[in-house]
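So that you can tell them apart, the chains are marked A, B, C and D in the order they are listed, and the count of residues begins at 1 in each.
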Amino acid sequence: MAILVDKNSRVMVQGITGGTGQFHARRMIEYGTRVVGGTSPGKGGQKVMDCPVFDTVAECVKETGADVSVVFLPAVAVKEAAIEAIRAGIKFLVVIPEHIPIHDMLHIREEAVRGGTIVIGGNTAGIITPGQANLGIMPDIAFAPGRVGTVSRSGSITYYVADTLTRTGYGESTCVGLGGDPVLGSTFDEILLKFEADDQTKAVVMTGEIGGVYEERACTVIPKMKTPVLAMIGGIFAPPGKRMGHAGAIVEGKMGTAKEKLEMLADAGAHPCRTFKDIPETLKKLGV
Amino acid sequence: MAILVDKNSRVMVQGITGGTGQFHARRMIEYGTRVVGGTSPGKGGQKVMDCPVFDTVAECVKETGADVSVVFLPAVAVKEAAIEAIRAGIKFLVVIPEHIPIHDMLHIREEAVRGGTIVIGGNTAGIITPGQANLGIMPDIAFAPGRVGTVSRSGSITYYVADTLTRTGYGESTCVGLGGDPVLGSTFDEILLKFEADDQTKAVVMTGEIGGVYEERACTVIPKMKTPVLAMIGGIFAPPGKRMGHAGAIVEGKMGTAKEKLEMLADAGAHPCRTFKDIPETLKKLGV
Amino acid sequence: MRLYEFEGKSLFKKYEIPIPEGRTAAGINEVAQIVRELNKPVVIKAQVLTGGRGKAGGVKFADNADTAQSVAENLFNLKIKGYPVNLLLVEPKYEIKREFYIGVTIDRANYKLVVVASGEGGVDIEETAEKHPEKIVKKTLSVQQELYTFEALEIAKQIGITSEHLKTVARIIVNLYLMFKATDAKLVEINPLVLTADNQLIAADSRVSLDDDALFRHPELKAMGIEKRHEEGEMTSREKQATEWGIPYLDLDGDIGMFPGGAGFGIMGNDFIHYYGGQPANFMDSGGGPSPERIAKMLVLLDENPDVKAIFGARFGGISRCDDFAKGVVMFLKEHGLSKPIVMRMTGNMWQEGVKIFQDAKNENPELFEKVEFHGIETPIEEISRRAVELAGMKGGN
Amino acid sequence: MRLYEFEGKSLFKKYEIPIPEGRTAAGINEVAQIVRELNKPVVIKAQVLTGGRGKAGGVKFADNADTAQSVAENLFNLKIKGYPVNLLLVEPKYEIKREFYIGVTIDRANYKLVVVASGEGGVDIEETAEKHPEKIVKKTLSVQQELYTFEALEIAKQIGITSEHLKTVARIIVNLYLMFKATDAKLVEINPLVLTADNQLIAADSRVSLDDDALFRHPELKAMGIEKRHEEGEMTSREKQATEWGIPYLDLDGDIGMFPGGAGFGIMGNDFIHYYGGQPANFMDSGGGPSPERIAKMLVLLDENPDVKAIFGARFGGISRCDDFAKGVVMFLKEHGLSKPIVMRMTGNMWQEGVKIFQDAKNENPELFEKVEFHGIETPIEEISRRAVELAGMKGGN
């Protein structure tokens, strides 16, 4: 098993004819990901790496049975691309671009919840189930099939964590990039629960950072989980995150420093780690 | 019985402190209508004719149990007033003002369907169940309790029809003004079905006019009705109604002249009338 | 209210829908000047607020300024469905490969917005709709919905737009829908949207109709010079006067001045006059709750119309109170004076008060009421109609 | 990005939220001139992009032009949380009866917009929220929803607005919400909304923060002079340079130039430096898929910073391909030259290609690589961090 994507996922790429889209579609296919098609309005009928190109997602879904989509489009086009995918019945959507307007992300999240689609990103490096499917921009080199799941706000941290897990022989079940933008399609708690339900995943490494609001949500599910959770938070030595005025403090509560977040996660039952070296040591202690 | 309103209806007035609202609230109360309160933002706590005034419909509903509301506000304020009433749980809403923007009416209709509220108007003279409740701006003089229901696009036509029914001894069960604006809260077919379900109503007089699209909808229900329907259409000698461009013709179909509408209604089983004198003659023939 | 073609196109431009680089001209020298500046063959189009312009000869071509001048002269002398041509639109002539149709309107019976499109645009679109409904694409939306680009792409594909032009046409459809919502339109049409020989997509004609009742929230339209007007045709000077006074009014061909209460009976009352063999001179509506001043102005419009031989008055007091009605009539009689015979019936809200006002005024100035026949609830409205026709038919009735 | 008080207020004005009739001044004579024109007692407020201004002495009163001038002089010499005061806002002083709080923000964890209001506005609003949550009213909305007047009325009533001011305050709340949506805001606050002795309601202070990532669709903000900037404080000249080059960059107090790949490791890498006893001189992020040109510019920023003693580089090639990274570094070495020691690690996407580029360049110009320590996948990142701290600590390391 694995979570969200595996070798049976029928993956499409929105923006498959663009430079970045094409480059990464090629990499995804080379990895063995089952890429069945892509979209680029006005270029329907063309092919990219033997994948048929369609004008709309609905056509691509109809013709190829795609159920997962990866978005490689400019930030300005993401809102409509996401809504198009959700309406066309895509069940899992990976939003790679960064700098998506926040109000757009709120809208996308509402559509996604209504449509029953899981969205990750924006500003995510993607998701990889090693040996089965690699969706997004992650380098294969860091990953190997195995028994630890990872979920992170950051692509670069995901690589370092996976690299560590791979080198120490644990390998990864699935690595999920939540994304680095201020408002994200999915939250830590939602992904943690997916890992909790996955047989292959024996532990999860979650890496958050200063300034977000999603680490706190993780604390609501960790106490209920059987699967152990290791937690790293970036920005321990950074100046405290800037609060969003009084309203932010009132609505989102006291936004923790990275240190406070790590303490809160530890209180919820997560195992805190400082540098990457701590991860295999902690797993060893936990008998994973 | 009667339809939509009776002596038990708990009626409120939106805009009760304005000149027109106050004038007609007084008339409604004098008629015996159970007016329980009204709204006027910033005037909560005042009284009009012993009726408590509230700042919001929600407060009025909570304190007085109002279930019906009559709107006496400028056209520009109607959209929000209607949505407020629908959200506050008002089940029947009478929109008196005219010249409500069409896009606003479309929005109101959607909210009303979602909220389960029946809306009549805009630009309606209101609704009267003689001897029980008079909501809107209709003069009492024309009406008497009885056994014929009326539904009309026009206030003035309602008065003439009711006057005719009253003078000839039939009286009226309920008289409904659909309203004269191009997009209306309710349609002929919806009101006809209410009359069909009402024991007291032995026949219905529906009066339409050139230029609308709601007369045609009536033809879908008349064939299924046991209660006989008499139909008058204004504008038989008027120049043909202006079509709304090609799109109008494509979307709304050929918009009938008044004459064609009357023929279509007759084909559906309605009994056509030319002037008001024809109404009692037809009822007599039908044995009502 | 309908917009002129050039006004609709200026809205298109604002919403980034491509239009020809044309200009309007009110005189033949101006036309020639524009053609000289464009320096290419042109199409010259009469600007009138009615349909069927092409078939009426209102659209002509010219290759140079000289022929344009004589073409323009002919156009300015044309009447289209009775409407004079006061303004021409001069645009470059395009070589056309294909014509599409794109429109947005309201499906009132179902309370939805509808985008309509076809791969066979042009004047025969309605025939296409009837004979080949499969060639018409319709997309229904809630007034609260956006139209997304991917939805517009689907529409564009369905009407046979090829890959090359797919994104351009989708953008035009999205923008037309945005314009429809942002201007509170009842109808916007690009017919035809032409694909030119050099592969440009251009809105060659516009049909735009806006909601008069929503104009109050569009100061930007007023700033563009777009104001209230009829759905078809320019207003007569009397209609303009009525509009200024806030009175819904339409001139007709007959000789009986119609002075009704309420729009509904304003329409049906005209039928009644016809039934008794008469011809109404107008439609009129008092609007809700008219003041005595407005009532008086309504009578001024009728009394000063030389075609009117008699006036038919009917008031069933609803929101329009009979006392205000009576006050208005008396105000008119005193300040203006009545030159035509009038027969009136009054009942409904506050009618007793109205009667008293009349009686008091008549007692005071009996001469004012010489041409006034006043009836109450006792006389059927059919009888009033008959009497009005009779009064109009009398020789020297004035 | 945070706006200055006066910019936020100019947006308020655009959305018909009443503000004081104030003006900004960049010099003391200008301040005196404004006071003379207003001809009444004034409040003079330092315009800085940070909070706690009042407590830092950044808000002062003056009764006339002379005192205003000396007050202004003091304010211009003030530093608030280290930020200089370059601009003052001069407004009439109001006699205040009551202070309210109204704000709109985003509840990111729940993906909703939230209107927040309180009958006890002012600087202690957060304390009120914590100690008396019942005094705070919150209304949650979907980003697709309108806020209706009747909903705003309910909010206004709940914070104790009296009948007399109910409609005015409801209108202010609705307009603030409209402004929030129309400007793609992250936060808009009126704190306090004051009720003056003469019963005016006025937004006495503004706090507005907009979404940088949505600025592209708001040319009207650019037209108002509102541009990208920090959430707090003005940018340093190096930060401005970085912004111009499209590089997310923040100056810090340390001496190790941070040249990481990815924002995530940009943050965590700084922690690693701390763990090994060093102090980073900056935050930096390359952004997604940086070109060699941008990579070179990132190094320019670090190399030209006199505080930087050594550079820490780390690249895990994802969307940022290692070959482009290597090309950028080589471009920098050739065109600019390196004056500080650098220790780097590179792995991930196309890392072999990157290595080859380095090797080829080194073979060609070994002298360019004198200060460069290059590591591959074999060295743990922790070791690179340690080495960077070591390099920065060496005497004459430069």
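Basically, a contact is a pair of C-beta atoms (placed from the backbone, for glycine too) under 8 Å apart; a residue touches a chain by one contact, two chains touch by 3 or more.
Fair warning: this is a prediction, and the values are worked out from it, not measured in the lab.
Visitor: What is the touch distance from chain A to chain B, in steps?
Guide: Minimum step count, chain A to chain B: 2.
Visitor: Based on CA centres, what chain would you say lies at the far end from chain C?
Guide: A
Visitor: As a quick test, compute the distance in whole Å between the mean CA positions of chain A and chain D.
Guide: Here chain A and chain D have centroids separated by 27 Å.
Visitor: Indicate the whole-number Å distance between the mean C-alpha point of chain B and the mean C-alpha point of chain D.
Guide: Centre-to-centre distance between chain B and chain D: 57 Å.
Visitor: Chain C to chain D: how many Å between their CA centres?
Guide: Here the centre of chain D sits 54 Å away from the centre of chain C.
Visitor: So with touch defined the way it is at the top, what topology do the chains form here? Options are line, ring, star, complete, other.
Guide: ring
Visitor: Following the definition at the start, I'd like every touching pair of chains, please.
Guide: A-C, A-D, B-C, B-D
Visitor: Which positions of chain B touch chain C when the two form their complex?
Guide: Contacts found on chain B: 20, 24, 27, 75-76, 96-104, 106-107, 109-110, 123, 125, 137-139, 141-142, 152-160, 163, 180-183, 187, 207, 209-210, 212-214, 216-217, 232, 234-238, 242, 244-252, 274-277.
Visitor: Within the complex, which stretch of chain C touches chain B?
Guide: 51, 101, 103-109, 111-114, 116, 125-126, 129, 136, 138, 142-144, 181, 184, 186-187, 189, 191, 207, 209, 211-214, 216-217, 231-232, 260-268, 270-272, 274-275, 283, 287-289, 316-319, 347-349, 351, 377, 380-382
Visitor: Provide the residue numbers of chain B that touch chain D in the complex, in ascending order.
Guide: Answer in residue numbers: 41-45, 55-58, 80, 83-84, 87.
Visitor: Tell me, which parts of chain C touch chain A in their complex?
Guide: My answer: residues 148-150, 153-154, 157, 163-164, 166-167, 170.
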